[in-house]
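In this document, chain identifiers A, B, C, D and E correspond to the written order of the chains, with residue numbering beginning at 1 in each.
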Amino acid sequence: MSDLTLRQIKKSFGRTEVLHGIDLDIQSGEFVSLLGASGCGKTTLLRIIAGLERVSGGTVSIAGKDVTSLPPEKRDIAMMFQSYALLPHLTVAENVRFPLRMRGQGSREEQAERVVKALDTVQLAHLADRRIRQLSGGQQQRVALARAIVSSPQVLLLDEPLSNLDARLREEMQVELMEIHNKLGLTTIFVTHDQEEALSLSDRVVLLNDGQIEQQGSPRAIYSAPETGFASFFLGAANLLPVTVEDGPVARFADDQVLALPETQTERGERMLLLRQEDLKIVPADTDGALKARVAIRVFLGARHRYMLDLAGQRISLNAPNSVLVEPGDEVGLTIDPEQLRVLAR
Amino acid sequence: MVKAIPTWLRWLAWGFVILSALLLLAPLVVVIGVSVSESQFIVFPPQGFSLDWYRKALGSREYVEAFWLSLRLAGLVTVSATVIGGAAAIALSRRKNRQSLESFFLSPLVIPSIIFAIGMLMLWSSMFGTTSFVALWIAHTVVALPYVIRTTLAVLAESDPFLEEAARTMGASWLRRLWHVVLPQCRPGLAAGAFFAFNISFDEAVLSLFLRNPGLNTLPVQIYGQLEFSPDPTVAAVSTMMIVLTVALIVLLDRLLGLNRVANT
Amino acid sequence: MTNRREAWLFLFPGLALLVLGFILPIMRMLVLSVMGPDGVTFEHFARFFQDGYYPSILWRTVRLSLVITALTAAIGFPLAYITSRVGPQARLWLIVMVILPLMTSVVVRTFGWMVLLGRSGPLATMLREMGLVGRSFSLMHTESAIILGMVQVLLPFMVLSLLGVLTRLDPRLEEAARTMGCSFLQTIRRVVLPLSMPGVVAGSLLVFTLSASSFITPSLLGGARIEVLAGSIYKSVTQTLDWNFAAAQSVILFFGLALVLIPYLRLGARHG
Amino acid sequence: QEITINSFGGAYEEAHRACVIDPFEAATGAKVNIVTAYSADAFAQIRAQKDAPQFDVIHFSGGQEIVGASEGLLQPIDPELVPNLADVYDFAKTGIANGEGPAYQIAAVGLVYAADKMPEAPTKWADLLNPEYSDRLVLTDISNGYGMIGMLMLNQISGGTLENIQPGLDAVAKLLEQGAIVVSKSPEIQQEFAQNDAWIAPYASDYAYTLQAAGLDVKFVQGEEGTPASFITANLVAGRDNVELASKFIDMELSPEAQACFSEALRYTPTNAKTVLADDVAASVVYGPDATAGLMRFDPVAIEANRSAWVEAWGKTIAR
Amino acid sequence: MSDLTLRQIKKSFGRTEVLHGIDLDIQSGEFVSLLGASGCGKTTLLRIIAGLERVSGGTVSIAGKDVTSLPPEKRDIAMMFQSYALLPHLTVAENVRFPLRMRGQGSREEQAERVVKALDTVQLAHLADRRIRQLSGGQQQRVALARAIVSSPQVLLLDEPLSNLDARLREEMQVELMEIHNKLGLTTIFVTHDQEEALSLSDRVVLLNDGQIEQQGSPRAIYSAPETGFASFFLGAANLLPVTVEDGPVARFADDQVLALPETQTERGERMLLLRQEDLKIVPADTDGALKARVAIRVFLGARHRYMLDLAGQRISLNAPNSVLVEPGDEVGLTIDPEQLRVLAR
């Protein structure tokens, strides 16, 4: 019902342009994640979709209708702000009821019911009568989330909605969000700085880099086939190493170790080799065909360890389950399925 | 924490408050003293004790009528100035380039009220004939306007711009936004402005002096006239009653509405 | 409604009121400043500047207003800060204390000062009994009396203007400053004061203009011998009936104040 | 039917009501609206209201009728409509021809002093110059009508004239140097006498009486050098339509009964030759054809012509 | 030089007590993470250490000196606020310079130099002259971080310093924090909601639960030996299942499947079995001795998948590398090393 289309969206603050022409089509009911480095323009893009920010160029249309200059209250959206923007003079429950009152949705009793439900969803029903200033940071964030989901808008915009929650709560909230999304078929646009969150929740991931869309696609596609160095670097926990691709085809490292490449690799010359962390396996150093590396640092992460290894004069990192346990200083081998290797331009 | 204030400073603060109280209240003590004095004059310390002046003030038709007129006028002025001034301040606070408009709205403060009073009287007479309550109302509103605008603007300068935006994304029309988001935010400023407006009107003598007619005698004009010809402690009694009334009203409001709770948000 | 329409809707009543209810009437008066028996003339302005007398009145007016403004700010800021930070009950009484003076007529209040400051008033009597001053010592009819009286009258304007801003300051900013090594007083200076600038500007604008254009308190406390421009204008209007000159003085007062205010407004704009 | 007048407030207004307004309303059945306005304010008001005046009768105590008449704000009185005018002393109706109203009361200006404090009672204007009194002397700003007369009198005894008031200003300057104070409003005079140990002030008889009535031990004497007088005039305002009723009101003010009543209440000198005063009242006012003839009036036209310049010169003289 | 000791710290807001007697000793130079659910009192505890909040009971001492009522500016601490608390009237650089000015550290030039260095650390040197309101959320957070680290206080308190940063930046900031900590030997107390961050960075993890210390210890100790259900649930991605421990010793599930327990397990009866996610291995359903479970949900996380399995009527979850790939609906086997099993009271 409400496809969202952005065409050549540009935005400048004073003389600095922060969005350089964004083209984006979002299907009705889609769950889209916006991913990108800090300061790349995610919030600005959301604000433009919400109608809070005037564009410097380009058009926004919803369901085929140009809404570029439609004021936000006329768009059927709900937005959760990165800074929450809770109304300090209202209680928690009043804050959550606010959009319902404003949109005149339902009778007083229905509204109260929906507020209770939304607060239950974020596990804050017991604080309904608190003032905003008396809440902890995470509690405030959850109130903001409840306020965003309480009315059922066509488009739900969430700006880092879970950043201040502990992992447990975060997981539960993710599930709740998914359920709401599936049940109501909302179009949801979700800004997050957590790749796993983006990949696990969304139908599509849009990767922003410095005010431009770097790549977009399904989580699987974008993860397994990053098109640029930035994409692979940013998305996967990937290592990029300079190599020379020679006939074989093989990749030759700076220290003359070689690694077989898939047959499909036809280009030759100086390239970057992309080694995704999870494709690398630590094996005994004397394993056949394994690359040789030395353990530099080991960091305990609980369920796994993070290793920094020196390979051909470069520092690479990977996570390994606790079942693999090597010590800093050890020489180890690294194997990788040639099919998983990707070669990018330098 | 803010509570972590050095002890000496705490004492200093109390000393300061006491000195300020002295400065603010000393003349009022004189006024109250004079009002219960037996003496015919405004002298201090009071001589004897009598409530005659209260009897006289309350028994005087002129005083009572003037009081009600002033009260009505000040009430209306408070409403009109707060509404018009508040709206203007809100609009101003959203403008990027607002300095010239801001100074324009300040101008009634910079022209001596006598000039405005005479000008207003001339204009009104030539256009509408004899002056009326409305003329006084308009004139007082003009004078009270800058107060509301200044105090409200000051408060809005500190407000979180995201709040109104958030309300917009929640579908709040401009009116609802105004009512539910903007007004609660500028409440302290509006309250101060409204209080000033009331007070300006209630205490305004010059405009009232020139714009009045026989049926339009405000309390300050009445007091002024009384003082000019035969100053006696009646005016002190009237003022004392005002003081008591104010305190009573504030305390009552606090008990009823919990002013503090409201002011705290 | 679009933003622009809304802005105009909000501004319109104020603008209309000001133009029709203020600009129009004062223009009728102010044009008199350039009107002579035979057409346009600047003689009234020339008269103002013919010798040092009127300029000295203007200068006194501005000077006193500045002193009064500075004093009210100096007293009002701490008072407002204390008021905004004490418990609810104490705050209520402090507010009552601050606004009470406004609820008595200016004239009556000023009479209170006249009694206090007069030759036989408590203050002079006390000083006399301590042998500090002579028999005829009186604080009345001095600039100090004007300043004292005006500060008392105008303090509420400063305090209430500041109070609104101070109560809305985010307390966490002060806390952050404390953790960064600011003592309490430094916090006030470095954080609270800059952030409450809009309130300071608002309050001092009100106080400054009020003290420059009021004449009742100055004329009663300062006496005939210490004239301020507003008093002189009042005199020209009602006693010497020289309205042209009154208008000229008003124009000059207007520009005199504007000269002081414009840089100040700019300061406020930068902070706001 | 109704008319609108101004009165001066306080005790004056009470007397006004009792002596003129109430009888007038009783006699004519008309209603009288009173606006409490001092002469100066009232004048400013009628000038600004020229297009739609609200007053029918306006009273001035500071000579404003001269300017008013010359600006056409006032309407000449028709003697036919004001029969009592015939009995009024001539000097009190000199301006009738110009459109000014007649004086219905005269306030004599002399020396008001604190009887209980003065070492010896003053008798002449020159006593004001006595340096011993200087820091107990209260002068009045010449923006006040009585203040103007007092200053002109000082000027006269110091050798000045209406063409040259410098001697008067010099005298004032000297007095101020010696500690005299200047007030600008009547209530301040009361304040000075009641609270601040003032001894002497050149001021009017009516106010002296007000002070006495309020319980202060003050006395009023006429100075030997002469007694300048301030005239309180009743004027018809131009542009109003019930001239007849207004004239009747003025007539009532000029009647012997009303004047006697006023004198009784506030010790004004009556201007109607036929006024009869009780002895005790007569003793404390300037009364009777001879005594009134001894009153002097500084030429109001000259005063009006010079007022602006004098006020300025005075301001410069007293400025600190 | 500056051991920090908390003794029986209590704190109430009005009638609700949020800290119920915290005892904590922190060595000089230690890096301690505070971990806990949203609203459990982490921020409150930091504020008490900073001297911003008056305690309702208990004492705080630094280096043996009771500082409970010492004002914050007299304590040599730096704190980063969860809400940043940046001064809006100052520029970025001025904000960062603020603590140096206030503490009078160094000359003007030295201060400028240190500001530049701190801004470099958080990668914001190019925005030094911006106003705070012109920054994105993550940029603001980094300014706050720079302001906290620019002076070198004895104690550094960080309240969720990295929550608004993308994973890349976050990792870099973690490294920077570690380096600063190691170089200057600061005592650092770090609030985070990210377990991996807590485990990887800190010398000690303190786990708060509802205003009380649930458990504390080195990352390894606390992770591998959680003492309570809450601790294991909150820290590890752990599954808790009700079982009956019978002689063998074995654990019997609701559907009568049994699992061998280590010999050391001597207690019998109704217990909870703790299955840590990373110890569970998905194997073919017919593997010997494997528990049988059915795949309910599969979520793509990029480097791995998250599976929700139905085991004995309960839902359990685990992450598995992409090399293991099973479909929802499949029956699978689960194996686990008995030594990794832990049995807790119900």
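Note that in this section a contact is a pair of C-beta atoms (placed from the backbone, for glycine too) under 8 Å apart; a residue touches a chain by one contact, two chains touch by 3 or more.
Since this is a predicted model, take the numbers as computed values, not measurements.
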Third chains touching both chain E and chain B: A, C
Interface ranked first by C-beta contact pairs: B-C
Rounded Å distance, chain B centre to chain D centre (Cα mean): 37
Whole-Å separation of chain centres (CA-atom averages), chain B against chain C: 15
Inter-chain centre distance, chain A versus chain C - centres from mean C-alpha coordinates, in Å: 57
Contacts with two or more other chains, residues of chain C listed in rising order: 3, 111, 115, 121, 175, 178, 183-184, 195, 237-238, 243, 271
Touching two or more other chains - residue numbers and ranges from chain A: 71, 83
Touching two or more other chains - residue numbers and ranges from chain D: 41, 44, 185, 187, 191, 195
List of chain C residues in touch with chain B within their complex: 1, 3, 6-11, 13-15, 17-18, 21-30, 75, 78-79, 82, 85, 88-89, 91-92, 94-113, 115-116, 121-122, 148-149, 151-152, 155, 157, 160-161, 163-165, 167-169, 171, 174-175, 178, 183-185, 195, 198-199, 201-203, 205-206, 209-210, 212-213, 215-216, 229-230, 233-234, 237-238, 243, 246-247, 250, 253-254, 257-258, 261-262, 265-266, 269, 271-272
Chain E-facing residues of chain C, complex: 170, 172-173, 175-184, 186, 190-191, 194-195, 197, 271
Residues on chain A engaged by chain B in the complex (per definition of touch): 47, 50-52, 71-73, 75-79, 81, 83, 85-89, 98-99, 101-103, 131, 147, 151, 157
Contact set on chain D toward chain C in their complex: 40-41, 43-44, 47, 62, 64, 67, 135, 141, 143, 176, 179, 181-185, 187-188, 191, 195-197, 307-308, 311-312, 315-316, 318-320
Complex interface listing, chain E residues touching chain A: 13, 35-39, 42-44, 82-83, 134-139, 141-142, 159-160, 163-170, 193-196, 199-200, 219-220, 223, 233-237, 276-278, 299-304, 306, 319, 321-322
